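Quick heads-up: structures coming right below.
Two complexes come next, and they have one chain in common, chain A, joined by chain B in the first and chain C in the second.
What follows is the complex of A and B.
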């Protein structure tokens, strides 16, 4: 395992160093004392694993295409922005716009996430992005969502009011949001409906909740004991009748 | 369904003595305006379907067809013009937002036409570009404060630059808004001319990757087709914030246009709406823009210049100062006359400011702040000919983008129906039968001819001014005189 001490380093130098190690086929890179350095793992490809101790800055794993990043701490805004493939595991909370326009890969967050998470996520052929949120989410979760899966567990709340902010799924025209707790309908966008998750859905949820439980040490069975709900769009053409031709 | 109150906009006139019943017009019209009546052996017309694109007129072997504006007039009324009444009928019948294509066609002042260019007489000799070298080459990108030379070599590495043989580029037009053949023609022409074309927010088709060093890849709010390979495939990256034809709003590629190829290039499911939200949801401030600029630079190892394109709006000078300080290498300003494949009519016709004012204001502001060297300025939106280019450069642009002029060179007839997807010229359509009408080689040749002709004209104008490099014209407003402008406009 390669070790980098990031304390006092400029992000440009730190990221160049990480990329250099990836080029040299380093299987595991431990980055210690990360103090808000931005853009870690941006655009990286391959199978390396980066372990971060500290708090990475904005836009971590943006455009990432492969590789795994594990953060022992909180992350900031823009994690997995336009990510194409790979895995991000965060042992803490994250900020806003997590997974914006994400097209592939998986993101697991132990705690809470901020606003506008999963906006404009999309899927294409075998690419189907997944975000699993252990805690609660802010407003605009899954706005404009065009594909992929968001699983909202809300393990630290037991209240339909608190699990997610307003405007959840507004403008959504693809993909699905699963929630462990039903969401008050006034919080949902008018483009989506909420139904109970069926057996097929529970299989999908189970697959990712299993990994989530393994990463963060939660009890898989007790999570899966809940009656999940499913939020999905009425159709794929929300604005089909908007125009005069 | 009740009867439509809309009367035909155009009338198709057919000279029956000339018509040989070959039915070329019937086969060529995607709008089905021509109908062959077998019993009568006559070609008939449904005027209401005609968009006046001249496809039938051009291809009729006996020149039997003429299209005229329908002379039918409403009672004269300065306020309620025929256009105003027709628009209300259309909306009353559909309940929809009015759509349109291409740039603003309203008679707002065109300030290019109110500026004249200087020439040398006696005191400063003019130059003959046919005999003497004339430099049009332009580099776009951040320029250092000073150059340090050591042993005849540059001591510090220059920031990445785009090298253009002519300061004209083809502006962003996505695969989706225009056909694959049209994209290919632009790419081929750019590559032959040593200039750039721009992918728009449509991703980059795998067959066009080979034109990478003449490609600017665009990153817009929908992030369609954006992955590390895409970012690294072009010579530069352009962040699209806004577009002159529709400042402040996003875009929708309707699901019916998301064909197999489009779905592959944009990396979205077949037949689903491709929605580009109005803002980038990771940019709510200049600081956020800086973050996107640098995340793109990080993802491409600082090897590509990053451009930011905005629509010309109020406060454009202050906004551009912010963009320059956010780390952009190139700023693109798109004026209100800029083109589009589809925009709400009200937005296209009423939002934005003239590019001429925006450009002058931005150049002045950046100079005053001493940061003009940090960015290159590209002017877009309604550039029609080489004298517009010269005037834009004299007002402070480093280069221009042309979109509509390039489409017209390929065969566009400005019928403004791009949004219907039924372009009879094979440009703004995804219908394979229509697309194959545009031969990429021929279209590329026409584009190359156009830019070469403009380049010759620009050299002549420069020579006339006694200038032998485009560099010396940049921001040189002494070379322009305003005609019929108020002192404020001047």
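What follows is the complex of A and C.
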């Protein structure tokens, strides 16, 4: 395993160093003492695993196209921005706009996430981005979502109302949000409906909850005991009649 | 020619940070500089500034005026005005270090003053209101003069440059305060000027702000009816005056002020119980013009404590943390951990949800 001590390092130097190691086919890179350095793992490809200790800065794993990033700590805003492939596992919380315009790969968060998570995620054929949230989510979850899967577990909520903020799924026109706890209808955007998850849905949920449980040490069965709900758009082309003649 | 703000549109990026000790313990400016410096990328070198509370204990009963002059004529005119209206107990240049990146430095002076008794009688005003009027007069009537801060036992240190360079320039390592706030500026369409850097102040109030206020003109037109003059045409200036009006002059409790500035949306109000609904509707009706619309995260500070607040739908980042008697607020979590690696608690406040920290033994943020 290659080790980098990021204390006091500028993000450009740190990211250049990581990319150099990836070029040399390093299987595992441990980055210690990360202090807000931005753009870690941006645009990287391949099979390397980057383990981060500390608090990575904004836009971590942006445009990432392969590779795995594991964070032991909290991440900030813009994680997995336009990510195309690979995996991000965060043993903590993250900030706002996680998975912004994400188009492939998987992101697992043990704790809570901020506002506008999954905003404008999209999918195409076999490219289907997935976000699994162990804790709560802020307002505007899945805003303008066009594709992909968000799984919201709320494992740390005592008050079920608090699992997600308002305006969930506002402007959503593709993809699906699964929640372990039903969401109060006033919190949902006008463009979505909520129904019980069916067998096919539970299969998909199970696939990702299994990985989530393995990463963070949760009991898979007790999570899957819940009756999940499914939030999805009424219409995939809400403005089709407005513009298409 | 350098255009002043208002002649130019400025979409802001910016970083903010604040550190407070609730027991009033004084600590040097090293930590706040370290915290704001960590967010270097959020600024572009066109503005940095700091507010510090508790720095002048030996003159704590005097108003400390920090003033910028763009030419010596402005200094003469201002000093003539000050002598006429105040007893100047002490004055002198604010000490600075030479820092290569800090250029076009104005004349930076400070005065410890008390309003003259005869002038207070003549104007028929309470001391604080008198000081406010004098600050407005200097800023709007004396060309090339700008009052940077005017509170007691506090001061603002700001200018054009990256915040860490501004901190070095003003030798903040030599000051000790129990509250520090900081700002790193990213005005992308303007050269920036010394008076336009944050914090913006009046009396003890200071505000650092990340964002832009789309309701600025509505807020300005309203606040000007109460005698405030928005001479800098920046959105942050108007926020400072709204806090002064609502808290100091109208005596509103802080939760009401927060409800006015970041009012709940109407559909949220509809879900409240009857009593709360009546209250919030009344606040929106009476103080509708104090509603700040648009993306913002701000830290208001005064001698009693700090208030951190986001806009209602959280279009700007903010993280808060506590460690013992210390409270931290910053645009990024890493900026807190840079000075407090293991906080007791870290959280991201929701949009419109205030973070309030007051000195021990103090009941409200004012007086």
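In this text, the second predicted complex is superposed on the first by the 238 of 245 C-alpha atoms of A that agree within 3 Å, B and C clash if a C-alpha of one lies under 4 Å from a C-alpha of the other, contacts with A are read in each partner's own complex, and residues count from 1 in each chain.
The working rule: a contact is a pair of C-beta atoms (placed from the backbone, for glycine too) under 8 Å apart; a residue touches a chain by one contact, two chains touch by 3 or more.
Nothing here was measured: the structure is a model prediction, and the numbers come from that model.
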- Message: Taking the superposition on A as described, I'd like to know which of chain B and chain C A:38 touches: first, second, both or neither.
- Response: both
- Task: Look at the residues of chain A and decide whether chain B or chain C touches more of them.
- Result: B
- Query: Touching A:240, do we find chain B (first), chain C (second), both, or neither?
  - Reply: first
- Query: Thinking of the overlay built on chain A, is A:74 touched by chain B (first), by chain C (second), by both, or by neither?
  - Reply: second
- Task: Considering only touches as defined above, state whether A:106 meets chain B (first), chain C (second), both or neither.
- Result: neither
- Task: For A:139, select first, second, both or neither according to whether it touches chain B, chain C, the two together, or no partner.
- Result: second
- Figure out whether A:82 sits in contact with chain B (first) or chain C (second), or with both, or with neither. first
- Query: Between chain B (first) and chain C (second), which does A:191 come into contact with in this model arrangement: first, second, both, or neither?
  - Reply: neither
- Query: Just chain B (first), just chain C (second), both, or neither: which does A:15 touch?
  - Reply: first
- Examine A:120 and indicate which partner it touches, taking first as chain B and second as chain C; both and neither are also allowed. first
- Note on the structure: On chain A, the footprints of chain B and chain C overlap at residues 11, 38, 58, 77
- Message: Applying the document's contact rule, which stretches of chain A touch chain B when the two form their complex?
- Response: 11-12, 15, 19, 38-39, 42-45, 58-59, 62-63, 65, 77-78, 81-82, 84, 97, 100-101, 103, 116, 119-120, 122-124, 127, 143-144, 146-147, 171, 173-174, 236-245
- Message: Per the contact definition, I'd like the list of chain C residues that touch chain A in the complex.
- Response: 38-39, 41, 267-268, 271, 313-314, 317, 319, 332-335, 337-338, 346, 348, 350-351
- Could you pull out which chain A residues touch chain C in their complex? 11, 35-36, 38, 54-55, 57-58, 74, 76-77, 93, 95-96, 112, 114-115, 138-140, 165-167, 186
- Quick one: in the complex, what on chain B touches chain A? 90-91, 93-99, 221-223, 226-229, 231, 252, 254-255, 263, 267-269, 271-273, 275, 277, 281-282, 291-292, 294-295, 298-301, 419-420
